[in-house]
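Presented sequentially are two complexes of subunit A, the first with subunit B as partner and the second with subunit C.
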Partner chain A sequence: MTLELFRIDDRLVHGQVVIGWGLPHALGFLVVVDDEIAAAPWEQELYRMGTPEGMEVVFATVAEAAAAMPNYQADARSGMLLTADVATMVRLAEAAAAVRQVTLGGLHHRADRVPRLRFVFLSPSEESALRGLAARGVTVMAQDVPTSAPIPLEAVLAAEGTE
Partner chain B sequence: MTPAPATLPWHVHLAMYLRLFAIQGAWNYETMTGNGIAFALEPALRRLPGGRGGPAYCEAMARQSGYFNAHPYLAAVAVGALARAELDGVPAAQIERFKVAATGPLGSVGDRLIWAGWLPFCSALALLAFGLGASPTTVVALFLGCYNVVHLGLRAWGLRAGWRHGLHVAQALGTPVLRKGPAHVTRATALLAGLALPSAAVGIIGPGRAVLGLVLGGVVAGAAVITSLQGRIAGWRLAIAVLTLFTILSLVR
Partner chain C sequence: MSDVRAAVVAGHDSFAAGLCSAVARIVGPAHGLVAVSNEAATPDEIRTALEAALDVSGATVLFTDLPAGSCTMAARRIARARPGLVVVTGVSLPVLLAYVTGSDVAAAVRTGQGAVAVVEGGA
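What follows is the complex of A and B.
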């Protein structure tokens, strides 16, 4: 077992993560990579309340997560790493070669974003960053829950709308 | 800054509670339950300086109508906490930060406790009652009664806990019922399902065993269809298709 999933999801720890992915993958730990949350104990407390007993949640900055990546990879449990936005995952991928596959799990509406899938809204800069990630050899796909089919990045970027 | 009111008048609290039942009424892919959150909060926001239509009221309504998504029952916690924060004059940036941080955990707790816990438990209980020979009315009443005791209670508790703790509502979510409850309910559901499924099958087949082959064939075909559709169709679409099929069959019979 190891850190096997890298997910971009603006809700971070929620039902799709702890139940949808957590049960079939028997996730034992989550790594939330976010510079602001790593410095905000009251936010960490909220996210901890969202995890079931037996599932550890670790908070780290990008630099801390990149440094600790070998430890995450060597963990005997299955784990998932989460970032709330594309930019943070790109920074992590640049700092840690272990990021080989990234899943877009949920990026919701914002003024500068356009809908691509019902659970993926992207801004032009985010689309460019994701293309850059793919150009580095990272496999990027969209998949909210394991029971839905993964959608490759090119298909996501070609999609228009929320259905 | 206006001193925080110690309590909300009961009629404001009641109005917010009733509005919680419409929290998904304006659900959409952009703001999800954002409009519902603002709608449920609105009776409390009238108490901001300047009253209804004042600058503080309008700013708060605009802020609360933005993106938010959580379990619909546990959203009551957020509504209570946000009402407290707005009336306490908490800075807008901190309120926005709370909304971002609360959406995931309130979804996670609600999904585990209700969708993966209490709803299957009540379904298995109703199925067991059917298998033991209860009338259709009793089965439906048992399901709705059990389910809604927790449903209605959770919304009321959430609103009260959110109001009491404000942005420090993580303390309330740490209660053993929410932390340990889902695991216990899941185990109890497994036990009930083990009793309910064979009992219900016996109830359907009946004493003459005339439809034994039909039931067994249906189970095998259903398992094959579900297995083959794994990863190719969303679960809710499959559930609606099966429900439609059963409705048509019951009308034809």
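What follows is the complex of A and C.
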């Protein structure tokens, strides 16, 4: 077991994560990488209150997560790392070579975003950043729950929000 | 029905709408439930929708589905700013029926807990 999943999801810790992914992957820990939440104890407690017994939630800044990556990977439990936005995951990937595969799990409507999938809306700058990730050799796909088929980045960017 | 109180019900997809519809089918439509879905919504949008539902209904009780769900997260954030608000997670039809027909929140929750049972075939 190790840190096996890297997910971009603006809801961070929620039902799809703790139940949808948490049960079939027997997730034992979540790493929430967010510079603001890492400095906000009340927000951290909010997320901890929602997680099932036996699932640890760790909060880290990008720099802290990059430094701790070997520890996450050596963990005997299965883990998922979460960021709420593309930019944070890109910063992490630039700082930690262990980020080899990234899943778009949920990025919802925003004024500067266009719909790509039912659960993925992207702005031009986010699309550019994701292409940059892919160009670095990171596999990028979209998949909200484990039972749905992963959708490769190019197919996501070619979609028009109807899938 | 005895006392009828307002409440906001929130959850994944059409869970809340279905629950409210079921309540209406059982006790009639004259209740003060407002359903909110998290479908395709950002955390900020969920919070805004819940706050609007609370304001329009005058409800001081907010029922959600999963303890870790995005609606519950938003509800907890709202509760921090609204001291009189009560958030109940893990809502079910028995809980909601008990509440809208006059039980207080604690009694409604006990009703829901008592309604969960395992019935084994052939026994």
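Quick notes on this structure:
By our rule, the second predicted complex is superposed on the first by the 161 of 163 C-alpha atoms of A that agree within 3 Å, B and C clash if a C-alpha of one lies under 4 Å from a C-alpha of the other, contacts with A are read in each partner's own complex, and residues count from 1 in each chain.
Simple rule for what comes next: a contact is a pair of C-beta atoms (placed from the backbone, for glycine too) under 8 Å apart; a residue touches a chain by one contact, two chains touch by 3 or more.
Here the structure is a predicted model, which is why all the values come from computation and not from measurement.
In this overlay on subunit A, subunit B clashes with subunit C.
Touched residues of subunit A, counted separately for subunit B and subunit C, are more numerous for B. Judged by the touch definition given at the top, the superposed model places A:His108 against both subunit B and subunit C. Of the two partner chains, both subunit B and subunit C are touched by A:Tyr47.
Legend: residue contacts after superposition of the two complexes on their common chain; A:Pro70 is shown touching neither subunit B nor subunit C. Of the two partner chains placed by superposition, only subunit B is touched by A:Ala149; subunit C is not. Of the two partner chains, both subunit B and subunit C are touched by A:Val13. When the two complexes are overlaid on their common chain A, residue A:Pro124 makes contact with neither subunit B nor subunit C. Common to the subunit B-facing and subunit C-facing surfaces of subunit A are residues 10-11, 13-15, 17-19, 42, 46-47, 49-52, 108-110, 118.
Listed in rising order, the residues of subunit B touching subunit A in the complex are 29-32, 67, 69, 71, 97, 100-112, 115-116, 167-170, 173-174, 178-180, 182-183, 230-232, 234-235. Of all residues in subunit C, those touching subunit A in their complex are 12, 40-43, 45, 65-70, 72-73, 76-77, 80.
Considering their complex, residues 10-11, 13-15, 17-19, 42, 46-47, 49-52, 108-110, 118-119 of subunit A touch subunit C. Within the complex formed with subunit B, the residues of subunit A that make contact are 10-19, 37, 40, 42-43, 45-53, 84, 108-110, 115, 118, 146-149, 162.
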